[in-house]
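First subunit A sits with subunit B, and in the next complex the same chain sits with subunit C.
Our next item is the complex of A and B:
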């Protein structure tokens, strides 16, 4: 396989994981109005759960399932403990997210050996860089994303969630239990992030409590590119960013890789503040 | 318990400065996260220059100045952005600065620079911090502070009562750059070292927490927040490994218990400003009205001509009503006149001055002031403050004139609808218009309230003001207008005195036939 093809596959896999995280963020935002800045740390919790599970049962799918389940419950706890009490709190919601992020990181650090990398065992992962394995990961990411999309578009609950995202008041008038939907959005989005976390740990071949912080910023930038609240936008944004990161590392000086990512983010936001695919609207004063 | 008070004090000073540098742009509602980058800029400049033999003061000034320049550049680049987009874009810029210093060999790359002279002592830190706090508090309690809060409440409305919003936000961003520059110098001069890890997203998060946790509506909040982030980690140091864990849990608890932040100074500030400003007590002078001419205005959105070659004029000191069905282009025309949107072509003239394409605040300065159909008051500010944004020295006579005096100290958003409408007119009058534009002044009002507005308009006209108004309420229009212009689908179809326009067959056709009953027209 040529270097170029390998990079394409790498970009797709990384993009798939970014897409899961940013879908989870943008979905949560559109239903609940909360930009949950600790979502990437929920993802890391998922990664650890997957890791611990595969120590007992050497099967990646079981790992993903357990990771999803645990983070779904964590999402419920986060909603009941914090964000339920913070409607319309403006910037303070961001601060709560940051503090939660640091709380999760520090807890993981205390539990798992002060932040030493934890490698996935060979027996689970096999040869992590083989094409077949990469495609398996991509397939898993696509499967999770597709399951979510089908749930949203086809099921009764999915319709109710989309109605809630559209307008809380109207949804309430139509008899949709809005508070339940918001709670549900926390559970589902956290589970989605958790699933992505298991895959991410496999791709990176290590986990530390701190990988969340590095990815969080990227994920938020990605959902802004795509237009806040837009799932297709989040997916396309993820692949653009992942591709640029993978290719920048390969073909340009890797030490300045991050500068390229950030530069791209700043440029896109400055020139397309409403997202890459927005159309200009009339000003209503 | 062994607490290093000296270092806690200095760290607190730096945290307070950084919290203030985030608070300043945030007070206009802009979450601008570049300060961590400007702090790095100045710290590195200071370190590099002092290590290479430049005198401390010169190096410090150079660092702070460069930080200000970076903030100027960053602010200008992101001027059009708001909300989360500007937060992430500005944080991205800060990250670029961090990646640069991390890789640039002359600045020590990942090693950083060591050997910076130890210049940050407790007296120096205290003096600088106190001076900056004093300056910012002074602004908060001044008329400028009122304008800053107005921008936070409603940017568009602030522009339409004469606040130069772009200049104000950029000034605050540059000031924030300079203050974070000061913090950078203090930090480098305290640690005698600069390294890239001091200036990452983690640190930015700490400073943001400090600014918001204390209370993001006042300088005092930044001070309290800075003390919290500076001292509390020191206090819980005995927890060793669990230090950050306990600290972040504490932050969450505080956020949940005090959802508005720890401190507000609203009452104190209002008590002081109300007393000092009311003492000046200038009366409002109604200006002599000028003519307003509109020539060949065109505006299209997509393929639709919302305004198609509109030409009309209001003579000096008359009341001109512009009527038309929904979608006729009335509000778009008002937006063009008041500078909220730019026309594709055409000209607007006030007296002998062309005012086409000027920004809203410039048009206000020229003498054209508007109100809004769907009320854009500064809702979280009092009635008095809404007017003080425009002119702090105006006394209560204006409020008296609009029968708002007894509610002067209530929040605008808590007022009944009719009062809010009158407050919008009061706020516009405070800007001393020569032409007053009223966008559906009776929308949502009862018949009686509309009658009061009609009386007010007649009174203002009698005092010499030119008034251009849009309304759906035909009875009201017939009552107050000297002349009426009818718009239909972006073009003028009739013009004349109220009676003859009402009888015009073209108007009947375009305007009235569209709605089944005449009474339906008076609704919004």
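Our next item is the complex of A and C:
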């Protein structure tokens, strides 16, 4: 496979994982109004859960399942412990997210060898860079995303979540338990982030508690690019940013990776502050 | 079926309702009319638990609703078509209807078919996003969506607001059909003519006070109501 083709595959895989994290962030924001800045750290928790699981059962799918389950519960704890008490707290919600991010990062440092990187991919999948393995990762990312989308579009509770995202008061008037929907959005979005974390750690082939900080800005750039609350925007933004990062690293230098991310944030904020695919919740008539 | 007893609602330092009492008997249509700022929407919201009562009671089918959550009131059988329709713009017409039946665990599809029979204009629009509908279509959707939950009491807050005369006529027709089918209706309206056409009994609100009440005919005979709400005719 040529270098170019390899990088296209790498871009798709990385884009798929970014998409899961960005979808989780933008979905949570739509339903609860919370831009949860510790979501990437939840993702790292998922990565560690997957790592610990694969020490016992060397199977990536099992690792992803455990990662999503544990982080789903973590999402519930985060809601009940912090954000439930911060309704209508404005910018303090962002501060709480940053504080939570530090708390998770420092806790992981304490638990896992002062934060030294732990090798991941090799023991689970052998040669982690093979095409078959890359396609497996992409397939898992697509499967998780598709399952989420089908749940949102086809199920009674998915529709109730989307109704809550559109308007809390109207949702209440239809008998939808809005507080439960917000709680559920924390569980689902954290589980999505956890699943993404397992896949990302396998792509990087290592985990440290600090990778959350690097990824967080990427995810925020993606959802600003795609438009807050827009799932299609998050998906398209993820693939564009991942491709830019992969090709910049290959053909220029890895130091351009962050420059591209931050450059994109600046461009979006200046020229299209609502993002490329912002969701219209205006009624025409 | 519904009784409001001396309902007082205060927002901050401002009292929006000063001890309003109304009665809505089963299978009847009752209207509350009044100008902007009279407290009509506050009254509708107080029945749904969207605003907290400062004092007074809301009694539905013999039970004091107290501080019952809005969702629980919907499950008891009260539906509100809110002012401004309260549509869910990113959902399609059919998804709006289906989500309207969220409290119904069975027979949602048959109820959906029934709503399409009642409001046939919605059927060809079922895959269209709600935000793309006209005002009249939105109002029909809002009423149809509230009916998906099979409410025992349907409250409508300004259903004719912002509609063309033709669309308002369609709303009137739909409400008359509902009334004849035995649905209990509480209509909160600024459009006095529409209210008098539908309602068996009418209350007049003015700056949070119940200033007059009676049948449409009796109120039409009242000089005060004629001067204030019927343009002096």
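Just so we're on the same page, the second predicted complex is superposed on the first by the 272 of 285 C-alpha atoms of A that agree within 3 Å, B and C clash if a C-alpha of one lies under 4 Å from a C-alpha of the other, contacts with A are read in each partner's own complex, and residues count from 1 in each chain.
Methods note: a residue touches a chain if its C-beta (ideal position, glycine included) is under 8 Å from a C-beta of that chain, and two chains touch if they have at least 3 such contacts.
Because the structure is a prediction, the values reported are computed rather than measured.
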First (subunit B), second (subunit C), both or neither touched by A:8: neither
Greater subunit A contact set [subunit C / subunit B]: B
Which of subunit B and subunit C A:174 touches, first, second, both or neither: second
Which superposed partner A:156 touches (first subunit B, second subunit C, both, neither): second
Partner chain(s) touched by A:276 [first = subunit B, second = subunit C, both, neither]: neither
First (subunit B), second (subunit C), both or neither touched by A:52: neither
Subunit A positions touched by subunit B in one structure and by subunit C in the second: 282-285
Footprint of subunit A on subunit B - complex, ascending: 26, 31, 77-78, 80-82, 84-85, 88-89, 91-93, 95-96, 99-100, 102-103, 156, 201-202, 205, 208-209, 212-213, 216, 241-242, 244-245, 247-249, 251-252, 255-256, 259-261, 301, 306, 331-332, 334-335, 338, 340-341, 372, 376, 439
Residue ranges of subunit C in contact with subunit A within the complex: 48, 50, 69-71, 74-75, 79-80, 82, 85-91, 95, 98-100, 102-103, 130-135, 137-138, 145, 149, 162
Residue numbers on subunit A that touch subunit B, as the complex places them: 35, 82, 85-86, 89-92, 94-96, 98-103, 106-107, 109-110, 114, 213, 217, 220-221, 224, 228, 255-256, 258-259, 262-263, 265-266, 269-270, 273, 282-285
For the subunit A and subunit C complex, residues of the former touching the latter: 156, 159-160, 162-163, 165-167, 169-178, 279-285
